[in-house]
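There are two complexes below, and they share chain A, which is joined by chain B in the first and by chain C in the second.
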Partner chain A sequence: MATNARPLKRGWDPTWLLWGAIIAVLLFLVVSPFIELILSSFRSPKDGGFTFANYAAAYGRERYVQALINSLQLGAAAAVLAGIFAIPLAWAVSRTNMPGRGFVRMVVLATFITPPYTGAVAWILLAGPNAGWLNKAFVFLTGAEAGPFNIYSFPGLVFVIALYSFPYIFIFTSAALELVSSEMEDAANILGAGTWRTMRRVTLPLALPAILGGLIICFLEAIALFASPAMIAIPARFNVVTTQLFQFFANPVRVEVAAAYAMPLLGVTVMLVLVQRLITNRKGFVALTGKGGERRPIDLGRGRWLMFGYAMLVASMSVFLPYIFLMQAAFAKAWGRGFSLDNFSFKNFHFILFEHATAAHSVFNALLFGAAAATAAVIITFGVSYIVTRRLIPYAEVLGFLCVAPFVIPGVVLAIGFYAAYAPPPLALYGTAMILILAFTTRFLPIGYVNSSAALRSLNPEMEEAVRVLGGNRFTALKRVVAPLLKRNLLGAWLLIFIPATRELSSAIFLYGPNTKVVSVMIFDMSEEGNFEYLAALALILQALTLPMLWIGQRAMGRDFMLRRTAT
Partner chain B sequence: MRRLARRTVATSLAALLAVGPLSARADVKALEEAAKKEGELTWYVAHYTSEGAEELGATFTKLYGIKVNVVRTTAQVAYQRLTQDIKNGQANCDVFSSTDIGHYVQLKAQGKLEKYTPENTPKIAKAFQNLDPDGYFHTTSGGFVLISYNSTKVKPEDAPKKWTDLLDPKWKGKISTGHPAFSGYVGTWVLTMKKLYGWDFFEKLEKNKPQIGRSINDTVTALNAGERQVAAGADGSTMFSAGRGNPLAISYPEDGAVLIIAPSAIVKGTKHPNAAKLYMEYLYSIEASEVDVKHFTMPMRPEVKVGTGLKPIDQIKEVHPTIAEIDKGIPEVIEQWRDTFGN
Partner chain C sequence: MSKLVLKNVARRYGEVEAVADFSLEMRKGEFVSLLGPSGCGKTTTLRMIAGFMPPSSGAIELDGEVISSPSGVVPPEKRRMSMIFQSYAIWPNMTVGQNVGFGLKIRKVPKAEAERRIDKILDITQMRALKDRYPAELSGGQQQRVALARAIVVEPEILLLDEPLSNLDANLREEMRFEIRRLHDEFKITTVYVTHDQSEAMVTSDRIVVMNKGRIEQIDAPHILYGKPRSRFVAGFIGRTNFLERDGGNYSLRPQSIGISTAKPSANGVEAEVVDRAYLGEHWDYQVKPLGEARGLRVSTLPTSVFEVGQRVWLEIDPAAMVRVDQ
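Our next item is the complex of A and B:
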């Protein structure tokens, strides 16, 4: 937490109204569904009285406890692997002269907009033990009996999840690295440290809050994901929290047990937030001061091609190979017939766009709700992280925690709370677009919060203090100094929320109404129906529509989506 | 009910006579008028593909000018949505169509269903009539779990002829199934196999290391990809994919294809009681059966021909457990399944 925040005199300030409003909204959005969840975890399904029986049912069996342990291991392994993919790339792209840096950013962007379930489907085709193309290629090249890859395994699931969540770490880390002034690295060089040691001891530690933020997001996302584990873990014969939870919803539905089962995840989140604070508390991370600093790329020599090779390896795994197979299915009359010209057709696209009753509309809904939710979440989290980093109220950290909590609770459980809080009167939001927008806003507060608090922490308060010394109030400081300095971060945060919000499945599936179906639900239904050709076509349409929105976003702010900063 | 009535008279006068033509027709006419005043209904449905469900809704709208809000999702999600609605006092759903009979047993016991027996009942195939003798829920859709296979890898003569053929070691590493905890189809299949051959069947099946998906339709994906060669699959989704040109075929097992009965019911406290009743009548109409067939689901009406590659129900050796067996047995087999297969 910001050790550098020195509160000025606490007089009346018009911004107090703003803080009050933001806190009220946060309480309404997060706290009311959560209270409902916590209460129901202690509620007897028969008479509504107080009971511990739900916890006993949820944790009284080894099988259920094992699923929780599997999830924690999965989250940790996926976060570490995602870090291995992301951190070298982020460093190479933002600090070195590696060739093709713009191209690598583009590929990471393409990875980021690939829904995790689409990636999982593609990897099943690539690394299925019998018919996976990689295995077939291996057998063909080596003459071996069988290929070495098996996606239906714990490592396979870790791999697929890490592959599609590493962009979070990449984006946070590269944004932070770009702020580090070359002067610090020069100082290390002068004192005799080489490129490698400088990176390890100076550059990366400066980006530590951002890296930790990214790792935490990956960890939490790996735990909360449903579709990829459902496709991979079940054939691999193990359960994780989300697949286990789904079984509590089978007949007889045990909502209360499901709520109890999810509660320890909240504890995990609290722990992570505390660990992050512990690590970052000791050090100062203020990199962006009012003063300019020179930023030069580091010359990697011949190593730059090695780095580029690594980047292309990651890119082939996350984008190049999977998309070959998605395109094949999307343009196939029957994908089971494989690659051949007489199997080529546009009719899947025609069907999705013009004949299907709801598919095209569901894409529109997803984009609309995603945009609304991203806007709301950015405003709220920017306000909250300002309150927290500048310690405007006592116990402000609690607000920070509230912002992070929603991510870890799997959407299927979160939806129970949302429904109970928003669907009945007085709000009566059932079946409206608003209930989905509220749910998405809440669900993605963590991304906005991690992003804007990292940005605010890198901003030296001396600049705001200067405004106030000169007689301006906090509102002026916010409007004239903080917001302009961070507007790029805010837009970046908006996009970081918008993209996953257009793909959110697990909470949407319980909250959509007849006219508010979103594309993720549509795709999930198609996967349940084994409708692979339509699924691939719909996924590609969604990707194609996301790209121009990103492009417009970049143009509007004069920077690209990856938070790249032109040297200031 | 103009179109419907005309066709009904033309196609099965005998059946109409059986229930008393004048009174029945007058009732349905009155029902139609009252339903039109209500103007719309909401249908939670897990039976068909989303395209199939949407087309059934749209056809109803075309016939009567009554809007159908189709919420098509999986059985579990539909059921959880309905129980949430009930718990929070929200009468959102008028007609509830799940593939899991257990849902109806629960809902009926809790008094959450409206009693209504469609006038059209005598006109549907015998196998589907009189599911609930008290008249709270009725079969409106059906399908079979049978043996499906990848037709480029397995010749028809080599395909398994009966369920026990799947235990032959030659299929080791080549079988695909769904999971009983995620799919009502699979649950009913597992229960039936247990009834026919004892749990031993699955102990032996595990020796062949089947790949276990989630939904029964995951078998379609596994077969198409060539990852597996034979499966306990569903007739509808397999033949739908085969109809597109995918290398799939089905075989009706000699020891019995497992008949899956999927009911519908009117939810108690519905805001559109007449529209809901009319919808139940409609699901037993020839128009609805024609849409069913287009989407490879079984027609309720015997006079409508089944989809390409499928057999009509009266030519199939079928087996199916009773409602009571399903309600009690499926939770048990899920536990046994997890003990045997470890997931």
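Our next item is the complex of A and C:
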């Protein structure tokens, strides 16, 4: 027996340094802006002392309060309308024999990758009073004096927002419906229920939590949106929270009042996200048995063509008509002159790419910042999910929570927090590329985290333990085994961040400077100037740049990689 | 000096004691199995030996040097051990040759020598022909051989195996048991083998540690465990047995230690009735009930000894075969 055992050698693991760095980064990206947001709402802009004056200023006027109410009504109406678009489509695509299901999925994807501001501009071309194409067509067909459509209205705004946020509900609903096994429906059929009754009483109730979850996400998306309301509500002479916040940011910048004014938006979002988690995580009610039973498409008979017609109607409104008329404008000398050969021109593209002072640079900025943010977010969230799944430090779950926390912070609110925290000295980051990259990184941490931790959970820890018993440390295991095995997943996560980051507007609009304009801000500016031909060309360039990314993502992760639950 | 020593090792998770007061000394080159039902703490013990978790109390020593104690643990990569995992953990992004050569590369073995050692071990495990294949192209048994080759090629101080055969089908499992013992006889690596399968442990091991609910029930050579089980748990877990109460004590009596015949034996005869029977090819399994007793006995016989259900028979019980066990 070895009684005189030598003293224990402790293993120093250099990876601890890395974990420390990641924790510091999360404090910087998430905690500090959030705390600064809250603090500045109570800070006097004059002497820095504690005050309630910002809240008094933010809610002191009736129209400020009205903007809040408008936002809530807008969110509710848009969510309901988006549900009307999405739920039948999701059911038809995932559970029935409707023709062209793959095509409908593609259309939903096309809708999903259309930035809301691009959609809004297209609908200004389509349904602007008098000059809008739909109004012109109506006048031409009926001989009436004026068309009935006016996008510059509350219903117009609801419509445009619903049209480009319905994919969220589609994703949630079809994910749930694909888990309801045919056997559950067969059980109802055997007891005498027909197709329709089975769907109403069995299938939909099973998917209901997911549908409600999707509606809530849609509501939150609608109230957090900046671009479409700014393009449509302001000309229509009403305000919502985000446009009102923008006005608080116009010269002179009243960041303290903006912070105070943002609190209800933050509060509503936090609350609803909690409700959404509660609903979708409830077990029992969601008797979804995973990949257990087989799923057969339900035969709709002739109704399948009706269903297809409905899908094509939605597709026309969200994709076909908007892109046709965006292209028309992009290739036109003047968009109002219609489709004719002498109106055809490449000058808009030429102007955007080679003559405009900043447009081409704004595209470059968007790609650069998007790539930087996606890289940073993937590295950080991968590190954190590694720490959490391998339980490397006590209370690692707190880090995981910090990574998903930005999900409840609307883009505009996040931007205000970043402005409050990092615009003043000593960092004085306002207007720099760095602050945009940091804000984008923070904004998309949740997507990165959800994907990284799903990837890591799919990897058996024994793969790494095998490296370690053979003498490799954690870095060796990460470099030689984990990274090579998860590279597809990490590439997928990177793209899921990069694609939305290149078109992010709601946080960028508060943080950009003269040299850091991104393409979304450029498009927004052009819409204010009414340069629809240039704007359409720029918007199409942005979409064209997305296509190769989409292709790579589909090669690496499968066709539906953007339409999965982990994508949102 | 003992090669590997575990001194009063314990591991607690909150209130639950996964492993309690575990002490074991292994000499160099010994093959010891940790045997017990799932949840008995055998894998936890193995992971503590590997350095993946610290003990809550006690210490582990390798060649007289403390490598694990509650105050600190030499990390797995510094222990010069090897481990074979339940999932094999063959890296799918590397070929068979790269998998096997990984540990040598980490140890900075010169390339020529590494190649020589890789080829040698692949010859021994009959995997040489598949050196450039990727794991996805291999069968479960072949992956198992890669895992063995990868673990042995580095000539570890200790080889740890965590239920390595549980994912194989029955025939392959039987073949691999002998393979593992053969490799051990060839390389003489001190080995700790975790399993819940008693015949696996008996084929491979010099000694078996039987564990139950985190505690050691008995440590002995296979034939002693079987012949002289100390506790009721060990007697029941290692092979099948009958439990008898005599003179206030508990006894274990193996089914094949009971003779059965139609003629009355000269001594120690008990008359009984055949209640049930099953033919298992290699033997008959009879359920018999001694007359006037409430509890039945299991008796196994050669396939040639045939009795009908309901038949009166005589049992012959050798008192020496009855082993007293703790409750």
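Definition applied: the second predicted complex is superposed on the first by the 347 of 568 C-alpha atoms of A that agree within 3 Å, B and C clash if a C-alpha of one lies under 4 Å from a C-alpha of the other, contacts with A are read in each partner's own complex, and residues count from 1 in each chain.
In the analysis below, a contact is a pair of C-beta atoms (placed from the backbone, for glycine too) under 8 Å apart; a residue touches a chain by one contact, two chains touch by 3 or more.
Predicted, not measured: the structure shown is a model, and the values here were computed from it.
> Based on the superposed arrangement, let me know which partner A:528 touches: chain B (first), chain C (second), both, or neither?
After superposition on chain A, A:528 lies in contact with chain B alone.
> Answer with first, second, both or neither: which of chain B and chain C does A:131 touch in the superposed model?
first
> Of the two partner chains, chain B (first) and chain C (second), which one does A:419 touch, if any: first, second, both, or neither?
In the superposed model, A:419 contacts chain B only, not chain C.
> In this superposed model, does chain C or chain B come into contact with more residues of chain A?
Looking at chain A, the partner in contact with more of its residues is B.
> So, does A:481 touch the first partner chain B, the second partner chain C, both, or neither?
The answer is second: A:481 touches chain C but not chain B.
> Using the touch definition from the top, say if A:337 reaches chain B (first), chain C (second), both or neither.
A:337 sits against chain B, while chain C stays out of touch.
> Go through the superposed model and pick first if A:471 touches only chain B, second if only chain C, both, or neither.
Second partner only, chain C.
> Find the residues of chain A that appear in the contact set with chain B and again in the contact set with chain C.
Common to the two interfaces on chain A: nothing.
> Please give the residue numbers of chain B that touch chain A in the complex, ascending.
42, 49-51, 54-55, 58, 69-74, 76-77, 79-81, 83-85, 88-90, 92, 100, 102-103, 106, 150, 173-174, 179, 181-182, 211-215, 217-221, 223-228, 237, 240-241, 244-248, 330-331, 334, 338, 341-343
> Which bits of chain C are touching chain A when the two form their complex?
The contact residues of chain C facing chain A are 1-2, 5, 25, 50, 52, 59, 61, 63-67, 69, 71-83, 85-87, 89, 91-93, 102-103, 106-107, 150-151, 154, 160.
> Note which residues of chain A are touching chain C in the complex, please.
It comes out as residues 1-2, 4-11, 13, 460, 462-463, 465-473, 476, 480-481, 484-485.
> Across the complex, what residues on chain A touch chain B?
Answer in residue numbers: 63, 124-125, 128-132, 152, 230-231, 233-239, 246-247, 249-253, 255, 333-337, 343, 356-358, 416, 419-420, 423-424, 430-431, 509-510, 512-515, 521-522, 525-533.
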